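Read through the structure below, which is laid out as structure tokens, and then see the notes.
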């Protein structure tokens, strides 16, 4: 592998990594604060992609479509939170796994009824359609570069949000001490709904940005869901910066695994990585409740 | 066994969390047959010490000797097999099993291996007989077939003790056995501990000074992760350091 | 083993065959994947088949026709249970449809053992074309390898010297590459097998570019096809290195989702909606009218499946109980196929033409495949020689 | 010990019903449903296996489909080699395939047990969500292993050329196969019943209730949980061997992660930590799936919310609902 090719693969790995981070951040927050395992997080990703495509067709602009899809997905998610998930916070993980498994089936079928069984079209916006010469002789798709940058920007925003804002303070407090948050006079249920909406918007952002690259189709959420779980488990459930590190790690291992290892081994590499890390640290790289 | 050798001997154990030393070189000797109490203000490191003695927390440095044997790195379940039993500060029972089953499980842990797949445990008198004895001793025999979760608080605390003693341990580590009890329940517990001392050594971690001074042969005072004094109840009561550090205000208020 | 058993049973049936009465009704069990991500293909098959039945006025071969639908969920064991129920409870005469090879492999044994005919409208596993070929099994679509062989021939003819190959890492994928290589004799500069249902090919595309091939041949069906074609264009590779594929990469079921990324790409198929024969013109027009979309090859295959069954029932005058006669009638394939010339090989797989197609825009600006030429005429599959059937 | 209790009576009635099912179905002209009942019974065995770790042991395994798959593949692979006369292993000790159930099925159980042992060895070091996710990850690894196992059909799967042979029984006969599966189901139930009542079962339940306390009173719970996980995997492997025989086909789709999810649904639907619960759950789940999918193509849109309702309002399972009135709850 030449140095230029290596650099390109690093970019590919990082791009997959930030995508996984967008998914993992929401999932890990929801787990850390509400103690909820949400298998249907992948459905929100799918929802984001479909809504972006629909709004893009309506408005003629990808960016406008994406911008509309984020709050729309968040609203759908918050409705689901209000109706169903809210009842699950105090249940054990098993109940949560089951109920959100049911949600996956529901969302998949709903999508199929609304948008039809075939893959849906979503194109790269005109301004990002070409390639950029990131290194001499290595053209890299502009859109992928944009995803990478957008992902990093969101990561920075998220860290700022959590570290510096009142909402972030509540999120941090909520994760460790529900009573204290209540004592501050904050409606903890509202906080939960907001956090869930935030996670959904992040998933929608990932889905919307993946739409032009991938087939927008029913079931697209499941393949990334399992990888996302691998990421948050490796990072330590509830830890946002753990999620970032693990997402980039998984992105790189997956990318290099698929070009360096024989096919069968590449498929198993990620899971092997996870098993090894859990043997070494049973609560992930950055355990939250040490 | 060497009678002059302490049953449990703690040598300079240290456990740090971040910059804070929860155990900062704790030394402690518990002699065979005594009731030895550990007292100390909140945050003195009692919970950490209990965790290290029971094997749930591994010390950063130092040694724990049980009957002359180094058990510093021995896992929890094996300490129990060596004869070191414990009760928990926050009631820790099997709430959905019956009272008898709770104790029978404790007996089972010490009655050979449990890779028995066919013979019903409920028919093993070898498990149930000692369990019933322990219940009789703790005054719970009439509750034998009740679901443990339905017992009153004081009864659950006694069930804790019953589970600890059912295995005829050589040392029982009792972590605040009277926590949350009313005066009548506390009195019953004190009677129970008096009765127990005939067969076993007791290491008592306790907040209630009346209980401590009524029962203890010796008392160790833990402050900021160190034992600042060890001695008879009279000596402790007279100790100026102890009074300064802790006993004075609390006991006076108590 | 069950091959031998089936032959014995057939012989016995022939001995005791009574003068057959014309049946009043024909029952067809239609098994397809109707739920889950792969549902689009099942829907195309079902729609095509129903249109084919409608063409006979809702009566296949003039008989009252009942279609019993079943969703295999892409689970072979569910498919098996459906087939069992259709054969035993509903006593269907024919089982048709079936999208995926694994489902077909699970139902082929028990159904043929019960002497019920299978008319596969899609799944064409090589085992059933070769050593496990069966008197009760017919495939009216194609054998998996054929389309790839045709493209191998075309890429060879077009003079490309260095080709890079990609496919998902599963039997259909490795078969595809083997089929291509059976007719392409130039240098293979690289071969990448990717994870099944892999969404992102960025890493493999970087490797591909670095290998500097003259041409690229890939096999990706369904959602993978959409992903790959879009990403290939986005990486700027489409202008640099010509991309070729089988029809699955670029057929009507995925074209709209691929958009302009697919425009101008060549692919091979046994059929094109642009084929100018009477049956096809009628089919394409009828399909568009009824369903409001252009037919995919899957729909064409299923339509032909219905037409084949219709022709065979007519040929035996409705005596579908006479299995031997009915088999001969199916073998005769006496119907106007939408793909032009069509006949069965002795292994009950098609002998047909394979065409070169190109993705273009039609007058309405829709993406369609135009007909660019014929690669193979009367092409059979490579496994027929392993089939011991007559 | 054998007292006549409502429970014993119920069990006798249930067994009688199971035994009488084929003639009854024959009588009402629906003999096909014997096959459906067989498939349900096979999944019931797998669900009981899962309940051992999930309901009794409190270990939420999200990867039990892998053990079914390993069992099924063992039978499939042995059968393939027996059919084409090739060797499974070459070298110093050449091993061929077999159709014999007496060899293939125990090997299937053994293979699944081994896989379960190694997965458990690593997974049981973790807790809670980590355990759920690591079992899922291992199951995915095995899924991809079989997908890429080209010798044995990869993603297309593997046809069983023949059903296993067992003591001259005609396993192609639906009724015979049904009785065999029912016999195995009852045997598994009896075994599990003894197991949960024996010392071993007490330790498993104790670890579910309060693992810290179990350690403190002297149980190395990890070991017991590992053995429990292994036994559960072995029984699931047996179900896999049976399923391979019924379907006469094995493919990676058996190991898909949604299959593990469905098994959990069966257990919870019926009632965790009871032995009949998973059986009831398997019956209900598979019949519901069957009825709904005949009703509409979009049956998942009913099934999904139904699942949520079950979790929200009947999370002790159907058995729990039935027993709520009588207060007879063994959980």
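Note that the chains are named A, B, C and D in the order they appear, and that numbering of residues resets to 1 at the start of each chain.
Note that in this section contacts are C-beta pairs under 8 Å (C-beta built on N, C-alpha and C of every residue); 3 or more make two chains touch, one makes a residue touch a chain.
Predicted model, so just to flag it, every value in this text is computed and none were measured.
Enquirer: Quick check on this structure: which chain has its C-alpha centroid closest to the centroid of all protein C-alpha atoms?
Expert: The most central chain, going by mean C-alpha position, is D.
Enquirer: Of the chain pairs C-D and A-D, which one is connected by the greater count of C-beta contacts?
Expert: Contact tally favours A-D.
Enquirer: Give, as an integer number of Å, the spacing between the C-alpha centres of chain C and chain A.
Expert: 37
Enquirer: Which whole number of Å gives the spacing of the CA centres of chain A and chain D?
Expert: Roughly 33 Å, centre to centre.
Enquirer: Just give me the whole-number Å value for how far the CA centre of chain B lies from that of chain D.
Expert: Here the centre of chain D sits 43 Å away from the centre of chain B.
Enquirer: Show the residues in chain D shared as contacts by 2 or more other chains, in ascending order.
Expert: If we look for residues of chain D contacting two or more partner chains, we find 144, 147-148, 299-300.
Enquirer: Taking each residue of chain A in turn, which ones touch at least two of the other chains?
Expert: Chain A, residues with two or more chain partners: 108-109, 112, 263-264, 267.
Enquirer: Who touches whom among the chains?
Expert: After working through each pair, the chains in contact turn out to be A-C, A-D, B-D, C-D.
Enquirer: Over in the complex, which chain B residues touch chain D? Could you list them?
Expert: Answer in residue numbers: 54-56, 75-78, 80-81, 85-86, 88, 92-97, 101, 104-106, 108-110, 114-124, 127, 163-164, 167.
Enquirer: Write out the stretch or stretches of chain D touching chain C in their complex.
Expert: Counting only chain D, the residues touching chain C are 30-33, 35-36, 39, 83, 144, 147-148, 150, 153-157, 159, 161-162, 243, 246-249, 251, 253-254, 293, 297, 299-300.
Enquirer: Note which residues of chain A are touching chain C in the complex, please.
Expert: Residues 2, 5, 8-9, 12-13, 15-16, 108-109, 112, 116-121, 123-124, 129-131, 139, 141, 143-144, 210, 212-220, 223-224, 255-256, 258-259, 263-264, 266-267.
Enquirer: With touch defined as at the start, can you tell me which chain D residues reach chain A in the complex?
Expert: My answer: residues 54, 60, 62, 122, 125-130, 132-134, 136-138, 140-141, 144-145, 147-149, 257, 261, 264-265, 268, 272, 298-301, 303-308, 310-312, 315.
Enquirer: Quick check on the complex: what are the chain C residues that touch chain D?
Expert: Per the stated touch rule, the residues are 1-2, 34-35, 71, 73-77, 80-81, 84-85, 88-89, 101-102, 105-106, 108-110, 125, 127, 132, 169-172, 174, 195-196.
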